[in-house]
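So that you can tell them apart, the chains are marked A, B, C, D and E in the order they are listed, and the count of residues begins at 1 in each.
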Amino acid sequence: MDPPLISFTNICDFAMELRLENIGHYYGDMEVLQGIDLDIPAGKIVCVVGPSGCGKSTLLRLVGGLEKPTSGRVVQMGQAPSASINPLTYVFQDFALLPWRTVEGNISLVLEDHGIKGADMEAVISDVLARTKLSDFRKALPKQLSGGMKQRVAIARALAVKPAVMLMDEPLSALDSQTRELLMDDLVDLWTREPFTAVYVTHNLGEAVRIGHSIVVLSRRPGRICEVVEINKPLEQRQLGDADLEQQQKHLWNLMRDEAKAADMELMDA
Amino acid sequence: MDPPLISFTNICDFAMELRLENIGHYYGDMEVLQGIDLDIPAGKIVCVVGPSGCGKSTLLRLVGGLEKPTSGRVVQMGQAPSASINPLTYVFQDFALLPWRTVEGNISLVLEDHGIKGADMEAVISDVLARTKLSDFRKALPKQLSGGMKQRVAIARALAVKPAVMLMDEPLSALDSQTRELLMDDLVDLWTREPFTAVYVTHNLGEAVRIGHSIVVLSRRPGRICEVVEINKPLEQRQLGDADLEQQQKHLWNLMRDEAKAADMELMDA
Amino acid sequence: PAQAADTKITVGALRFTSHSASFVAMERGYFKQEGLDVTFKFFQAAQPMAVAVASKDVDYAVTAISGGLISLAEKGAAKVIGGALQEEAGIDGQKILVSDAAFKAGVTSPAKLNGKIWAVTQAGSSFHYMGSVIAAKENAKLSFKPLQKVGPIIGALKTGQVDAWSIVPHIAKPLSKSGKVHIIGNVADYLPNYQVTVVFTSADNAANKRDTTKAFLRAFSKGAADFNAALVDKTKGDAAAEEMVKLVHKYVYVDRPYEKAARSIRNGAMRISENAALNTASVKNQLDWFKKEKLVKSSITFDTLVDGSYVEQK
Amino acid sequence: MLDSASKDDQRTVEFRGGGFAPQSKRWVGFVVFIVLISGIELGTRTGFITSLMLPRPSDVLATFVELWKSGLLWKHLIPSLSRLAVGAVIGASAGIGVGILIGLFSLARASLIPIVAAIFPIPKIALLPLFVIWFGIDEASKYALIAFGTFTPTVVAAYGAVDNVDRTLIRMGQSFSLSWFSIVTKIVLPGAMPGILSGLRVSFAIAIILLVAAEMLGAEYGIGAYILEAGSLYDLERLFVGVTILSILGVGVSAVIGLIENRLLKWRI
Amino acid sequence: MLDSASKDDQRTVEFRGGGFAPQSKRWVGFVVFIVLISGIELGTRTGFITSLMLPRPSDVLATFVELWKSGLLWKHLIPSLSRLAVGAVIGASAGIGVGILIGLFSLARASLIPIVAAIFPIPKIALLPLFVIWFGIDEASKYALIAFGTFTPTVVAAYGAVDNVDRTLIRMGQSFSLSWFSIVTKIVLPGAMPGILSGLRVSFAIAIILLVAAEMLGAEYGIGAYILEAGSLYDLERLFVGVTILSILGVGVSAVIGLIENRLLKWRI
């Protein structure tokens, strides 16, 4: 196989890390997050889990600068590699593809604005489509694709801007569980070939233990950090149904079960 | 605990079973199902798994009489118990609650039409709400409820008509995985206390091995039966991460992986 | 004195026989002789024509004195400069009509109109004025029903939904022939020498373009004289009358065959004032009535409405 | 984990979200109206705007006060309101009824949709002469004109609303063996309510617009008749008084429907 | 697993689904029109319907053929079409522009929404006298009237469409650091297209309705003028010819927009 034309931050040369310093956030009078301190080390995937409505998505928006924290700050430490077009790049739960653009068009969208065009753009697009196994779907419209393929397009789009950190908000939860399984394999594959830095928000503890180097457990709203679980087994060695992972997962579920129950029973104000 | 006021079919006295005889179905020119022969024994949960678009939902609609099969027939064997108001009752993926009716109103909806009112209705509603742990949410509107609670209401509504067979179309796939875990426990609990007959369609193999007495694996479209896997371990003894279940799940996944991949890669016609 | 040739002016007109003076002046070259290059602008109703003069889309036009015209004069936008159509004893003038139902119920003369419904196009229209004056003279109380256009009025009259109306003879006579409507009197009996229509222009033209305005009035008067001679006084013989009808038919009832149109044109011929003379008394009466009815501001004077410097004031 | 070089290189992550959620502040609206009206007042006073082009706002107000004091306001307003009410209620009810039929039955859909589509672009004023023959020049023809005008948009809104009722809810009803009648009354109609109500907003605005056309025919009193008279007298003050009343009426009706929506559709997310 | 008693008791599960998906068949529409017109023809021939109530359809057709043969059809149609085109294009463009401003900027929203809401219920015919003063009696005032009438509904549709653009797409754009201008042109505008196009359907229908009002202002030729003249002469045949032409025009414009939607919005599910 040829060396990839473009690549994630090479973590040996550059090291951009993120640090969350005492982050707190309010929506109106409602406290959503409280005193979050967290390091996101380069080349690692940090999973964030927690019950519904505890502020996971909010946290991710704060990290990427899509929202301003009420208190505290998110610090970027070290320079993003110069090749990185958009250092902090999201992958959304609902794909966020423009339905009126083809697969190719959705990727070119994020390149056009950064002055990449012609053969350069062509090269980038071909490369990311190849890496996400989408080369045959280049001219397809989103409506023709299954959910799994749509999320692959979104991932290809994120790769195209060579992110220093990927911010993934439940990237698999809109997919059915079989597709989820397939995509999880693809993500592990992508990371194994070329490690990237990521914050990965999820509800799914199975996903978290499969893909996270560390797992941050948030409490119910206002979200605080309950525990950070480190998993040392290399990603590529983790498998569906591994006993040690199952153990970790059970541990996490025991930590969270009551909170999840309470969150489920909560009545939203009319 | 008091004996329940209403109950599922008592499978000792009555035994209503369903038999699918050589079912085939077309939408226009597209063959969706082909030569399905299947028995649904009383008091058991039959899971149906298969790749996206293979006709699982269609099969369930055929079973419940919401659609007419192009060929073959669905036979009801034995009488539904006289207490059963609606022998074949669905639980839908997207809950199908009327947003303008309260929890209570959504349940009374299906009783009103069958001439149950006043104190009788009151008794039925209180009972099913108690069994699904919803008594405190009686006056809430659907918009105030989390997804898990909404599906509980839909289950309570299904219980209210004392079904002979429950037809469940991916009842948990619209929920986040933590809520799914909680609801799966609740379903197992309901079945253990009082066994019921059910056809349970799902994508999720983990769910299938946790809740199915037998698991029917469908092929890609046109859906045919590939294999029927029987799991003999009693439901109440099955646990998240049981090694034997993991084994079954891996077996199923190996059966389906390629088909799932192919289904995922399919281009829908523009 | 003829002006420098080709002063372009626009003349507003309705496709009515009563506007024939302008048509004659056009066809017989009287405008040309005065150095005026005239374009006609045709309207469906008189009211927009008044507004068009105010907005300077039209330079000269002929219409009944209406509340709208007076209001525009008050705003300094329009000015009456001469007279056109006039009721005259001995010439067939406007008729008073009643519906068949009202006629059968005993309204056989204007004296019996008390309590009846009188149709008008709009409050402040000439129909309103006529009805009001007739009612006052007969001590009758009329209620006035605005129906916007002549078409609906005829419909309402035929079906007995309104009781009475007044209209020019060439419309009144065919209507009465149908038997659904009856003529019970002449407007001229109540409004002798009623100045039905007037010539008007924008205040700017009246004040600042006196030569053009005078030239227009001269040509207009010549046309009026020809028309009166041919069809009203009938002093020129049948051939001239025939010729005049043919001329008018180029503008009026164009979509009807000549034979049908000719009858209507002849029936509709009422006198157009000689030399565009204006019956001051009638205009004053009308203005007073408008003020009394609070249709126009009470501050308006006769001189605001009329520029008396152009034509003979009777 | 970090080498010391980059330790010094610390920057807060830059904010790049927000926006694209324009907010409407009520007081800005008032300010704009006041500025606009003062501008016209000034323009007319300085002669920059002639009295032929626009009336002076203070004169319009004075005319309105006069109209009120003379008691004529009510004499004009009450018949108009009753025409609006009767006409709009007839037109909207018929429209909702027909719309629901179209939404439920193939035969109704196939036969009525083309007719409604053909009727839609017909200007109602063109039919005035016919309405006079059919309904006379009294109230009936005014009701009919307003009803006719509100009918077509209501039909379109109503069948659109029925079409948009979530089909899974209907399948749910069938799966519980509810009767056809129950499904229609308990699922289809409540589900179509939001669409129907928002259609009524447009229909009632059209009813108000048609008031003038309706009162062209033999109305002595009524806001429309008042406007027509003012127009024919070229009395801009009165014309604007009338137009303002209609405008306030329209905003008022829309606000009332908003209130009804808030009450009736509390269940919406 | 089954006891033998119930073995005999076999029944096919009963069908209880289907329905609630009315289909519109094109030929039914034609049949209905033909039945309706034949009915009127018969009614007028037997005298059941008097000539005062409705014209005889065959006479209407004959009148139309005559109009065509005389060449007057084009003389009336062409000015009307050009008025419609110019007026509707001006009104719709201005409406889309203002609507997008309202959709994007708080200041525009706060100041313009109340004005649009106040203008909406004003009947355009009430303003005819003013339009003559402002724009003269020639084409300009006709364009202005039609433009004014199409403006308000287009504004409402356009800002509604912008408001309805999926906010996650906009956040996506921001998250990729797209410029404000790119977000507007590449995300907001294409996303608002479906809403704007369906708004134009209504706006153009209104433009056609306003044609008659516009041609009240000193138009000699034009379908509206033809209808007005027919109405004032109570010539029902000609009135119906004119009305039918407008109706066909309306259906045609709507069909054209449908085609454009199909082409431009292929990407919709």
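In this section, contacts are C-beta pairs under 8 Å (C-beta built on N, C-alpha and C of every residue); 3 or more make two chains touch, one makes a residue touch a chain.
Everything quoted here is computed from the prediction, not taken from an experiment.
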| item | value |
| --- | --- |
| Co-neighbours of chain D and chain A - touch as defined | B, E |
| For chain C and chain E, chains touching each | D |
| Equivalent interface positions on chain D and chain E, same or different at half | same |
| Maximum inter-chain contact count - chain pair | D-E |
| Per Cα centroids, the chain farthest from chain A | C |
| Whole-Å gap separating chain B and chain E, where each centre is the average of the chain's CA atoms | 47 |
| Rounded Å distance, chain D centre to chain E centre (Cα mean) | 16 |
| Shared-contact residues (touching 2 or more other chains) in chain B | 64, 66, 88, 141, 143, 270 |
| For chain E, residues that touch 2 or more chains besides their own | 16-17, 128-129, 133, 171, 174-175, 177, 228, 231-232, 234, 266 |
| Touching two or more other chains - residue numbers and ranges from chain C | 47, 51, 54-55, 68, 151-152, 155 |
| Chains that touch, pairwise | A-B, A-D, A-E, B-D, B-E, C-D, C-E, D-E |
| Touching residues (chain side chain D, partner chain B) in the complex | 168-169, 171-172, 174-179, 182, 186-187, 190-191, 193, 265-269 |
| Residues on chain E engaged by chain B in the complex (per definition of touch) | 1-3, 5-7, 9-18, 266 |
| Contact footprint of chain E on chain B as seen in their complex | 15-18, 41-42, 61, 63-68, 73-79, 88, 270 |
| Touching residues (chain side chain A, partner chain E) in the complex | 64, 66, 86, 88-90, 92, 94, 96, 98-101, 109-110, 112-114, 141-143, 157, 161, 167 |
| Parts of chain C lying in touch with chain E, wherever the complex brings them together | 41-44, 47-49, 51-52, 54-58, 68, 149-152, 154-155 |
